[in-house]
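Got a structure for you, questions after.
Read from first to last, the chains carry the letters A, B, C, D, E and F; within each, the first residue is number 1.
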Amino acid sequence: MKTPPPADNATELQQVVDALRGARQRWRHAHRRGGDGRELPSRELLAAMVQALSGALFPMRLGPPTLQPEGEDHYVGHTLGAALTTLRQQAALELRHDARQRGQARPDGDAAELATRFLRTLPRLRELLDSDVLAAYQGDPAARSVDEVLLCYPGLRALISHRIAHELYALGLPLIARVVAELAHAETGIDIHPGATIGPGCFIDHGTGVVIGETAILGRGVRIYQNVTLGAKSIPTDGDGHAVKGRPRHPIVEDEVVIYAGATVLGRVTIGRGAVIGGNVWLTRSVAPGSVVTQADSLSGEG
Amino acid sequence: MKTPPPADNATELQQVVDALRGARQRWRHAHRRGGDGRELPSRELLAAMVQALSGALFPMRLGPPTLQPEGEDHYVGHTLGAALTTLRQQAALELRHDARQRGQARPDGDAAELATRFLRTLPRLRELLDSDVLAAYQGDPAARSVDEVLLCYPGLRALISHRIAHELYALGLPLIARVVAELAHAETGIDIHPGATIGPGCFIDHGTGVVIGETAILGRGVRIYQNVTLGAKSIPTDGDGHAVKGRPRHPIVEDEVVIYAGATVLGRVTIGRGAVIGGNVWLTRSVAPGSVVTQADSLSGEG
Amino acid sequence: MKTPPPADNATELQQVVDALRGARQRWRHAHRRGGDGRELPSRELLAAMVQALSGALFPMRLGPPTLQPEGEDHYVGHTLGAALTTLRQQAALELRHDARQRGQARPDGDAAELATRFLRTLPRLRELLDSDVLAAYQGDPAARSVDEVLLCYPGLRALISHRIAHELYALGLPLIARVVAELAHAETGIDIHPGATIGPGCFIDHGTGVVIGETAILGRGVRIYQNVTLGAKSIPTDGDGHAVKGRPRHPIVEDEVVIYAGATVLGRVTIGRGAVIGGNVWLTRSVAPGSVVTQADSLSGEG
Amino acid sequence: MKTPPPADNATELQQVVDALRGARQRWRHAHRRGGDGRELPSRELLAAMVQALSGALFPMRLGPPTLQPEGEDHYVGHTLGAALTTLRQQAALELRHDARQRGQARPDGDAAELATRFLRTLPRLRELLDSDVLAAYQGDPAARSVDEVLLCYPGLRALISHRIAHELYALGLPLIARVVAELAHAETGIDIHPGATIGPGCFIDHGTGVVIGETAILGRGVRIYQNVTLGAKSIPTDGDGHAVKGRPRHPIVEDEVVIYAGATVLGRVTIGRGAVIGGNVWLTRSVAPGSVVTQADSLSGEG
Amino acid sequence: MKTPPPADNATELQQVVDALRGARQRWRHAHRRGGDGRELPSRELLAAMVQALSGALFPMRLGPPTLQPEGEDHYVGHTLGAALTTLRQQAALELRHDARQRGQARPDGDAAELATRFLRTLPRLRELLDSDVLAAYQGDPAARSVDEVLLCYPGLRALISHRIAHELYALGLPLIARVVAELAHAETGIDIHPGATIGPGCFIDHGTGVVIGETAILGRGVRIYQNVTLGAKSIPTDGDGHAVKGRPRHPIVEDEVVIYAGATVLGRVTIGRGAVIGGNVWLTRSVAPGSVVTQADSLSGEG
Amino acid sequence: MKTPPPADNATELQQVVDALRGARQRWRHAHRRGGDGRELPSRELLAAMVQALSGALFPMRLGPPTLQPEGEDHYVGHTLGAALTTLRQQAALELRHDARQRGQARPDGDAAELATRFLRTLPRLRELLDSDVLAAYQGDPAARSVDEVLLCYPGLRALISHRIAHELYALGLPLIARVVAELAHAETGIDIHPGATIGPGCFIDHGTGVVIGETAILGRGVRIYQNVTLGAKSIPTDGDGHAVKGRPRHPIVEDEVVIYAGATVLGRVTIGRGAVIGGNVWLTRSVAPGSVVTQADSLSGEG
């Protein structure tokens, strides 16, 4: 390999550095960014935080391999302490970013207080996640023990992240919540918007390709298979053709509903308690409690 | 950011630690867990084991970038030795967990012996995987060399993990096997249950969303595209509504079958040798050898 | 756990090492490989390179959490320098591998020059990616800020990797390009072949299961949802049944087209400017500009 | 650089591996070693243990930079738990090694119990070390705060390790104790045998080259400078010319003694309370309380 | 190994945690510490900072092995930027600690400004260090090249750290300076107080055991061998017997002086220009320019 | 902490980067350096190489804690392979640097061949080191087992590094040899020039401050304590006052000699077989076999 003369390489590199600076300045000018320091929370730090929280929630199963029983509470306390420190810092970044977005000099919220309020939700999250573990064990013929579910099932990992993300979202940290959700999406292929409300005992099997939208509401004991979409029917746009943000536009799924692989449910419709939606069904209307909807129905109903 | 007084924060943290201990104790009481030490194998250690085995199987292509030819066998031997040590420890954890589940004082199997038996299967696995590499190269117009397949194709990575997981499953280590399978699922979006039997020369293209169930059997030279499901038709439940575990409930796919993207095949049906299943087909019946099934057929046949 | 006598274990291990060597030799003989040193680029090194390039493109948002404004250009220059060193080495490996494949003694290209030419494309890539960020922000009602898009959206991460991979592909480094693409596929579930041509302002929402083929061409402002396939209709084979490589076989998608979740478009068809393809549509024919194609149309049209 | 043909290199490497095996077998035969697994504790693991203990003893000064007040006890508990796990394992290795040395089938002691007994000594060690910190602060005109002493002074670091090592030695773990002592020696140049008894309020300034022997006894408030040796006068040998092990052979240094740089005190002599030993003094006799010994004295006395 | 019952172990651990908290509280009460967060700079972070500065001063020799010429300035800028960030944080910790020590509510200095002022000294430090490299090369018959000196000689490494530490000390950061000095002491066995003033072209050969005190002043071209002490003669104490801090008490060593191994020079004496002090000499008086002092002289002179 | 405006900080940083470049250019101009890429071997890589070689020489005692007996040879082979790769690269750097120093276009030696020749010496080094282990065990009353010696004694660690460095020096790689020696010096305080010749069965006790010069020759069974110098009497200089390099100038120490702590032996003198040199003795003349030299002798003899 012939090495070009150093001077030339250095010049090339400098030109690219300069051109990239130009591109950044154009962007910052267009979007009124100051470029004054780290602007956003960090994926890496939040990923570590979620891992710490998972270990603190389930120390003997998701914690470090060397953990001994006598150190369990200390591990939990220490890990939560570290997670809390991260959350305070990252929350402060989000609040500042949000204030800057809205042209305010100071953030409205108090990052330390939000972090403490999040901390308090963890025991309740653990109880919810225990109900999800049981649901997976009881719903899957291939599951041999409740522990296997926690260790292996991507649906469970997605729910751990979602239940964390949903609390953060509710506390007013939608950006951090979204990062937490996307980290789980990257690992599991399951894409749950942190705004979605999911009741206890949820079971998502296989999970790849599942999408659950921001305003979706799922009751108790809902079971969902791979490639199911609970989405919006169409996206309302404003005069400029930009999406209008924030209004209810995803399905309500009542208790004990089962939705098989590949089914698509769109819009603010309601799937009544105990209904079964068959594989690959395409559904844009509400369904009565106890109904069974299969592909043929949906085709005749929808076509 | 106003820092709350330390004493309060410490109290808050301690209360959450206490509440989480309470939640763990309730769970352990309900599930008769003793909380006496690490209960389960470790995802992190098994992930490292799979990476070591991949390098030992394909040292010059998946091993360390600095590997030199004269050190190839030593690298293989050293890496296998380390993987074996991990497998013995993790297998002992699974056997103990399994004995505890069944109320036995001692495990039935011998972890060291199982690990040694697994070791012996590796040369055969390498031959099988070589056949998969060739199948991908011959089946994909975008493939430029056999090496590109091994390096890039998620289908190949999923098959390396599956062939390892399947042996572990057959040796009586279903939990470790499942972790290995889910690690590949997380990376590739391809979800193959370790119980599934897959013949040589298998090619899974793109792969995201593929699901192959526990009792599925695939012959030689099968080709599968993204979002194909080889699943169970329905899940039989016992008197309590819990899934009945273990019986054959997934398809048999004979030699040289091709299944295009998005097709769903459910139940213990047989796709005959050389059949072609079109994209998005929904299939719950057997298909004769050499048949071509397209979406219209499936709709008329199934609807 | 009873430990078998060391001598036996050592013998077992040696036998497996020997058998694996035998398997490698058979493969190398069959494929005329020399086993003379590292044959292929390294996924790990290329993954680090992509992360470095992402940070250099968006230093305050994807760079290190501790980056300060006064160090921004130095970080960019340093990171690009390191990425360039990696690219030169990896490109040299690919060129040598390619020459070996074709029985040539020496590579045609010059790795250092290719790396420098790649470097020069980065400012243009940044501008393209800025257009993608804006498209996502304007197209998704759940997006709260342009920054959230860059940090969270898998579609954006896939496009960063694709735009890098596409340049590498165009420069004659298809293997490295493919590794870059597959790294993004593993993280996002979005599988874009590096050969695909994608115009500015592209938005891929959710993304899991999206497949875009090697010869696909997408215009400006195209919007795509999860599980959309832009694929080949069938794979032409030569006399031996092996795939014929390289000819145009994937769709052309014109400006401002929207393709909803689960739609499948196969073959060298053209989707005209501004057309909307509905969810789950199966399409193997061209579509006029401005058309709206829904599932019923496609079924009647295709069945 | 011309690469020799691979086969030759591989042969060379194999020959060296074989010759090294031969050397190991000769050693093991001569020393009746079985080569049956890891024989000795690990420097790396013990180094991590000492660092963990240091952090647990002084969390806000030697613990992690990110530690927050509310997490202090949890950090201490978690870190001690991890250190305890390491100590149990390493102590078991030492006990087994010791039993093997003496031809016994089983160790005499119980590693877990020894580890627990060590744990109980920590609060007392902290009080001792607090007295050492004060002594250094009061004795050094360059010290500006008690905290600087803990953070910077090698004498303090050596005493932290020594006080840990001395307890381990007293509990019957002389090998682990020695490793702990040598780790401090490597870092500070201060070589204190774990058997040495050192009273509270000890101050070792600069410290490089200090040697304190196995049976030395130092009272309260002793001050020592660099290159001081408290050694044995001569080494008694048995009939084979090998050293006779274990008998008292190093000095007794009473309370409030000061020994200046480069002084050498050899044999089981006593330096009386409050005595001052001048720089470079060579001393092999006892000294009365309150004496001042300078170089001239020592030369006339010793020469 | 018999595992004691978990409950007991947990109790033991908790008791030790409680007792350690008690010890901390007694200390904090006695020394009026608040325990309110990290009190002191971090050795680990400062060690990384020194390594970064060394690389920035000598990029092609002490920087990363992969550094390429075209990236040299970017590496320097990026590394300095990171070192500056660390220095600002650590300096803020020291200033706060210092204010707390003196009972002030706010620090006097401005950490960011001090860090910037330190930054400006680096080009001058590089010139000084270049003179030290030359002095070592010219003074040691075993040195084969100027580069060997920089890479290998502990004396050079100690001087890099000292010249950094001396600037920090002069800027009013004596604690950070001391940590930097002690890190070098631990690595090289050379203990130079950051307050010592050292002229250009200094050469410290071998170096182990060298001690240079806080108020020592060394001229240009001084050469020093192992175990040389430039110390204080005696330590003045106040009414409580505590050391009086801060007054000139170490030697002045003029230009071109050579001091051989083991020599000890104590007190505010002056070694005149070009003097040679022999090995093991013990010296507490001034020496005229050009003198040669050997052991016999010193004995007669001092004894 | 008030943050200065970014622009100013960026300017400050850039000015320092520019000034450092200026300093580098002046140095390079003065020393005719091209600044064309990494000039020197890397301490970090050589440190890793020494650790790898130590593990390969003593796998069950200095190798990884998890090593199992059946993997011992594979570990040795793999580790040597990696060390060899490093040595080839680093040797090539030294040879190029040496050629550049002497104004030659190409290195004289062949790095790969030197590395292979070094490899062959390892079995002999292991035998030598076994003799050193025995000598330490037999010579130290505090040693309880041969294994303790290998694990703990800094003298042994220094000899492992020295025996490696001495071979590298003899092969014509004096710079790499020196780095290896200085790494051991930093860890142990024992400074042995790689040129020194040391016979089997050497024991260096405590070791801090020991200096052994380039042309020293030690026979079989020599025992040395801390702070012993085997140095040069004076340094001959050329017309410019620069040291004349390379001629014999350090002591010859015959078989079974013992040299106690603090003794200094200077010049090309011979200490006859079995002689004993007392503590702190200053010696610049030869000593007959079997003599005992104590401090009084030396003073009368030397003064």
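In this text, contacts are C-beta pairs under 8 Å (C-beta built on N, C-alpha and C of every residue); 3 or more make two chains touch, one makes a residue touch a chain.
Just so you know, these numbers come straight off a predicted model, no measurement behind them.
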{"item": "Over-half contact-pair match to C-E, picked out of the listed pairs A-B, A-C or B-F", "value": "B-F"}
{"item": "Chain whose average C-alpha position is farthest from chain C's own", "value": "D"}
{"item": "Angle of rotation relating chain C to chain D [CA atoms, steps of 5 degrees]", "value": "180"}
{"item": "Proportion of interface numbers common to chain A and chain B (over half same, under half different)", "value": "different"}
{"item": "Distance between chain centroids, defined by C-alpha means - chain B, chain D (Å)", "value": "50"}
{"item": "Where chain C touches two or more other chains, by residue", "value": "6, 9, 12-13, 17, 35-36, 66-74, 76-77, 80-81, 84, 189, 208-209, 227, 262, 280, 299"}
{"item": "Chain D contact footprint on chain F (complex, rising order)", "value": "56-57, 59-61, 65-69, 72-73, 76-77, 80-81, 84, 88, 92, 110-113, 116, 119-120, 122-123, 126-127, 130, 138-148, 150-154, 187-189, 206, 208-209, 226-227, 261-262, 279-280, 295-296, 299"}
{"item": "Chain A-facing residues of chain D, complex", "value": "66-68, 70-71, 73-82, 84-85"}
{"item": "Residues of chain F defined as touching chain C within the complex", "value": "6, 9-10, 12-13, 17, 68-74"}
{"item": "Of chain D, residues touching chain F in the complex", "value": "1-4, 9, 12-17, 19-24, 27, 31, 35-45, 97, 101, 174-175, 178-179, 181-182, 185-186, 189, 191, 193, 195, 208-209, 211, 213-214, 227, 229, 231-232, 235-236, 240-247, 249, 262, 264, 266, 280, 282, 299, 302-303"}
